[in-house]
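Alright, structures below, take your time with them.
Look at the two complexes coming up: subunit A is in both, with subunit B in one and subunit C in the other.
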Partner chain A sequence: MLQEESDLSLIIAQIVQKLKGSNLYAQLERQAWASLQRPEIRLESLKEDIKEFFKITGWEKKLQNAVYSELNVYPLPRHPAAPPEHLKEPLVYMRKAQGSWEKRILKSLNSMCTELSIPLARKRPVGQQKELLNKWNEMGTDEPDLSLFRPVYAPKDFLEVLINLRNPNYENGDSLSFRTHLGLIQVPLKVKDIPELKECFVELGLNTGQLGIDDSTQVPPELFENEHVRIGQKVLAEQDSAAAQQYIRQGSPTALRAELWALILNISSQPEDILYYEQLKTNVIQHDLLVDSLIYKDVKLTASNDDYYFVFEDYLYQVLLCFSRDTSVLGHFAYNSASPPKSYIRGKLGLEEYAVFYPPNGVIPFHGFSMYVAPLCFLYHEPYKLYQTFREMYVRFFFRLHSISSHPSGIVSLCLLFETLLQTYLPQLFYHLREIGAQPLRISFKWMVRAFSGYLATDQLLLLWDRILGYNSLEILAVLAAAVFAFRAVNLMEVTSLAAAEAVLADLSTLKVMPLLQIFLFATVT
Partner chain B sequence: MSRPKNQNYKSHGSSKGKEREQRASIRFKTTLMNTLTDVLRNRPGWVEVKDEGEWDFYWCDVSWLRENFDHTYMDDHVRISHFRNHYELTRKNYMVKNLKRFRRQLEREAGKLEAAKCDFFPKTFEMPCEYHLFVEEFRKHPGITWIMKPVARSQGKGIFLFRRLKDIMDWRKGTAGKKFTSLEAQPVRAAAATANPSGTHDARSSDDQKDELPVENYVAQRYIENPYLIGGRKFDLRVYVLVMSYLPLRAWLYRDGFARFSNTRFTLSSIDDQYVHLTNVAVQKTSPDYHPNKGCKWMLQRFRQYLASKHSPQVVETLFSDMDNIFIKSLQSVQKVIISDKHCFELYGYDILIDQDLKPWLLEVNASPSLTASSQEDYELKTCLLEDTLHVVDMEARLTGKEKRVGGFDLMWNDGPVSREEGAPDLPGMGNFVTNTHLGCVNDRKSQLQQLFRSLQAQKKASS
Partner chain C sequence: MSRLSVPCHVKGAVALQIGDVRTVQGRPGVLVIDVTFPSMEPFELQEITFKNYYTAFLTIRVRQHTSAHTQAKWVTCLRDYCLMPDPHSEDGAQEYVSLFKHQMLCDMARVLELRLILRQPSPLWLSFTVEELQIFQQGPKSPSVTFPKWLSHPVPCEQPSFLEGLPDPSRVSSEVQQMWALTEMIRASHTSTRIGRFDVDGCYDLNLLSYT
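Here is the complex of A and B:
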């Protein structure tokens, strides 16, 4: 009892500490001072009156949302004696693996740099700055020569690293038994099985209404949809993050989605935020980074060629170029197993005083990175709103998809979850695919790394991402991947090569996500 | 064999009067080589005839029609894919005249409010005969942009934008110069042409005019300077409307269609760059930015979804019902002028532009919308569209005539508005009237067609 209480006070102290530096704190202070003018605030009961005032004017709600946001994003502190690395990643072997992977990426980046003799960063001459400013809204028309640039890495390179991950303390012997894991991932992390997933995703059950199922044309809207929309509007009126997060587990109506996501991610569009974005834009104009060319290349290779997202090409540049200069993103490395790469001012290699993070936000884009942003363009029109949403989504969820960690939403756990689900509930299929040299993870990995962006139709993707936000977890990606295999199992049983298996699973654009998930979790005989 | 008249269920015409005979095979002819031939050849029981063979169904092109329609005898059951004088709707100058006349009629009969519903066509002046009217309008609104379009060409050819009278003066001296100057010298004739308010024009005389002077007619139209942009790009919508007859007016609206994007970002400062302003795929294909994989098209479902995520459902509903209004009013305006031959049907391609206030504008109506496919998605769309067109034309005499939906087509107008509800009377002004159009909505045509034909078969068995 005492331990819990002291834990709680520790948590409260940490959150208060965090929020004290935030914008919200300054606003609350200002509001409190301004409220002294009001007649209902009396000196005798100052504290209670101001609290009451905050409650009535909605500021308490805002504070509540901020606290809720902190709780969601930051992991709870463990043992007080634990070093900060433990917050990033508690397992040593994972940290080591992440460290060596990062070294490889950096080496690749540096060698590209020297090969092409392009500096990592340089100041743009004034003429170029003016040009870029004029072209800011249509950077997609620019056709720089990108033929010499290669993406630093692709998801399949990352997969190879994950396949070779081993826990040095774990010995399972060489003899094969029914407990042997047939898949590619060979680390002993705990993953949920279907009964546990059912408990976790209880709102996706057969008896609960869902958007993506119960709003189809055959179902009269009075049964579920109308009421659901009404509740959504109420949640938005109350401006309650926690309620919105609970609500969105059943899916978000299209018209309310943009606001709901902003509420859940606790994004406000204050003048300071707009100003911050404009500042980032100025940074982009003034300095040219090598990473910019990588971003250009990625957008041209992926989003621009996509039938759905090509329209948003310019927005992607505006978001990603600013993102790479945003040093506030460095904050998330406190709980990310990855660490931002360091670069040294020319001639001062190794001297800590001359070290800077490169790129400024510490995130090196890989092939397909721009697809994290593309679906958001469907929701947000103003670049700064789009930017804020993407940044929040990245520091809450997307970073876990390309760093090595033991977190249940980390890509390693997702891969293991996927393979375990397949092996446990579709053993014949798994065995068959393995026999023909088509390990299922080789096909589904790219779906999960991109959170299915670019593979599903946009409306289905947004319904899936609704649930990611609602459950604050990426596990649903692994479940969906397994559900897709289950759905196409009959065809997959007939293929005889990896290429044929890839062909069966090449086109996911016609899939309806929610029925697949529901059937896999709640309607399959286990 | 007469049928009892049922006020509520107006048939859509395919089985009036005597029982239609089932034909053993249907002979078709077409000169086009693309999706249409695929669809026709794959239709069970349809046989292609070439050259001079007799046909039951002809998907012809408009030049054949012009030359041969008047002296071709057609049996009752024969169908042909154009109306004799479709150009009343599809040639920009005639359409404008008909619409203006219709608007005046509406104003007389139903008042200003009703007439205002016809204001979906940007102010247009026929050149050169309305040149003086145009100059008057031009001077009233200095600084706006105008677009000059040839009356009878397609695929974006010959179109240019201008802001100053000087620009068209220069152009006048060029290609069409001769015609202008000759008419300028005879102001009386020009005035006479415009002083004819009823808009009746002798089709033959304008054809003659064409023969005399080898110069084409143009229209000058007010350019819509505030188009709705997606991703900073301008786009227009292509929507398909099938008209089975004009008297009475029976029209079907196809649920699918697409939005065509311009390949470059929209800005008014570059009116010389025709790639920006013209969204026809044909023009876009020659733009230096064009990548064939891109396709620069979005299906209408995707467009409707996009709008729904940015605007409230009411706003989206209003936009789509405004578009319904465009289709219906444009067809009504030519209803009395087009020769309504029972052998004829026509599939129109409507080009609609949306402005930033979410008001739809009619750019033009095409009598021969392109049926070539620019991508796999496009191919599917067009083949399904053509299959469903043939279902509605119903050479196989399968439909009862009471259907409100056939595949992807919804009956939009049946000599009056059509209600969405089953069994509800087709009368507006009743509380729950919802129009029977589903543009950009889910198109589950396969399952609908299965159900439809199954029940038709069952009905036939029961009655025989």
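Here is the complex of A and C:
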């Protein structure tokens, strides 16, 4: 049909435009020029011969991976009449709510600046620059006085904003009726129910082998594990992103995980990438940002106190400080409902040519932000590789966990999905918790905002994040949260207060993620 | 395909409801919007574009110009087009939509008037409508140019005999053309990536964030 053809050509044009600015394009160009020397490239069939050459030497596969990556990350091109804000977030009231929330964050940051009389950003004096360069690998030993700093916001502040989110065109009567949602989220977004989730997560079914279940010590490895590892090695040899994404839905063997994630996220380790990271490091050394102190404070409060992650403290500084200088992250604001904060060079207020984004990557960290990076430290040891992986994970997934949007993987949809699943399949538990003033979302929100980092044991967390990559969606976080409640339902039915409910669910470190998910989705009698 | 916007007059939505609108509880689920084209000849409709606002289903009826004797009748050209797959949830509620000539059930050659019938069966929404309605007709085709005769029918010249042994000139020229086209493509490409600088001339001294 005409419409589909023009849609397809629009998508192709968009992807080509994006890839033209990438390293891959320059490499392909170089390879094409170099190939002209080869005898099999003839002038009269130049195009076809070069295409054949790319196919044989594996460059076509790299291009395929890049295109697949773009299709996964970027939303489809919008209707020609739709303004750019529509691509960020189609619903007007959610855009407004995100705008007011951002204003609150800016006010909070500004008031911190004025109270402490610290500028947002300044150039570091040369002596301090040398000092920082010398202790770059051991910034954790630094003990600056951070007592006056406080995190800009915590997940529970964000939850209050989501609870108060209302659609002005929706019947929000004061009296309870069939229209009122019994949970905390009151916006009518479309969420999946269990039959739809079963269809979506079909590879997690009872008849399919899983890592996290079928690799336990009681199961002989010949049944599943050996074959799965062999297939994984084959996928890595083929260097095919799409195949890797399909493979990882059944979990990734520990030995192959680092390479598989790099393949799925389409991360290459070219000299240019290492140089880029070094450039970011130079930026950190030259300019001192207020956001740096917030990062320090967050790492000291969260990751340093965690039994699994305190050893990686230095890595976390190296990644997060560079992350806040990385302007390539600004590209993700095209499809993120949030917008980067703006500022003006001192003395040039209002002059557009002196307008800059602050921080350079537009992302203001909140309490717990460093936990997004911490689990990755188990996979990658070179800072630039760790950095690239975190950046890709952030612009694909993690940004959705702290911005207000109607996207199915956005935090609002995840909260609604969690509440709906609990209400539909554990109605007694939901009713009981609601009656004692312990709305379930108040407990599970912090798990979902951090993607369970810091709550699950690390090997279980990595198995969970395998599935996030495999299904390119965060919905599994809401399903796991509901599955945890289902697992501890018997204890929760006996509690009589929010504090007691929190206590029952305080320690998730002994939980095995995959059996919980499988039972909740496929083995619960409804 | 080029398109030309047609100036139209969109009348206010009229709710269809049984009983008196003021006294009956509950909100209407059907609205009718009439679109007229004052001071316009009957035209061929190419495209209709609008922004949805919580309308679930759309039906369009059209009145076309027929020969002078017969009365122009209303014909349904789009029946129950689904804008929101789930009328109770926000999916598709504020999307931009385009409807084309080829999606219509009848020929749209001589349109006089349009009638949009909006339906929203869910009682959850306070109001529903379509916004930013725009109608397009076929734009002007690119004018055909007549080439001078000698361009399209060149006089064949005789092949001079001393060119034997050399490669065929037409083959060489086509190959050179291909090379040139590829080089031009590469040169014409420009990227939209940023350079990576966040400071202004090396300076990044900031005081406060701006709220605008």
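As a working rule, the second predicted complex is superposed on the first by the 513 of 526 C-alpha atoms of A that agree within 3 Å, B and C clash if a C-alpha of one lies under 4 Å from a C-alpha of the other, contacts with A are read in each partner's own complex, and residues count from 1 in each chain.
Everything that follows uses one rule, which is that a contact is a pair of C-beta atoms (placed from the backbone, for glycine too) under 8 Å apart; a residue touches a chain by one contact, two chains touch by 3 or more.
The model shown is predicted, which means the values in this text are computed figures rather than measured ones.
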| item | value |
| --- | --- |
| More subunit A residues in contact - subunit B or subunit C | C |
| Touched partner set for A:Glu392, first subunit B, second subunit C, both or neither | neither |
| Partner chain in contact with A:Phe378 - subunit B first, subunit C second, else both or neither | first |
| Subunit B versus subunit C as contact partner of A:Asp459, first or second or both or neither | first |
| First (subunit B), second (subunit C), both or neither touched by A:Ala121 | second |
| Which superposed partner A:Gly21 touches (first subunit B, second subunit C, both, neither) | second |
| Subunit B versus subunit C as contact partner of A:Glu225, first or second or both or neither | neither |
| Touching both subunit B and subunit C, residues of subunit A | none |
| In the complex with subunit B, residue positions of subunit A that touch it | 137-138, 140-141, 217, 254-255, 257-258, 304-305, 307-308, 310-315, 377-379, 381, 458-459 |
| Subunit C-facing residues of subunit A, complex | 1-3, 17-18, 20-22, 25, 29, 43-44, 46-47, 78-82, 86, 90-92, 103, 106-107, 109-110, 113-114, 119-123, 167-171, 179, 187-190, 276, 279, 283, 287, 325, 327-328, 330-331, 341-346, 349, 353-358, 360, 406 |
| In the complex, subunit B residues that touch subunit A | 230-233, 261, 264-265, 289, 291, 293-296, 298, 302, 305-306, 308-313, 375, 377, 441-442, 444 |
| Residue ranges of subunit C in contact with subunit A within the complex | 49, 51, 53-54, 85-86, 88-91, 93-98, 100, 102, 123-128, 132, 134, 171, 175, 178-179, 182, 186, 189-194, 196-200, 203-212 |
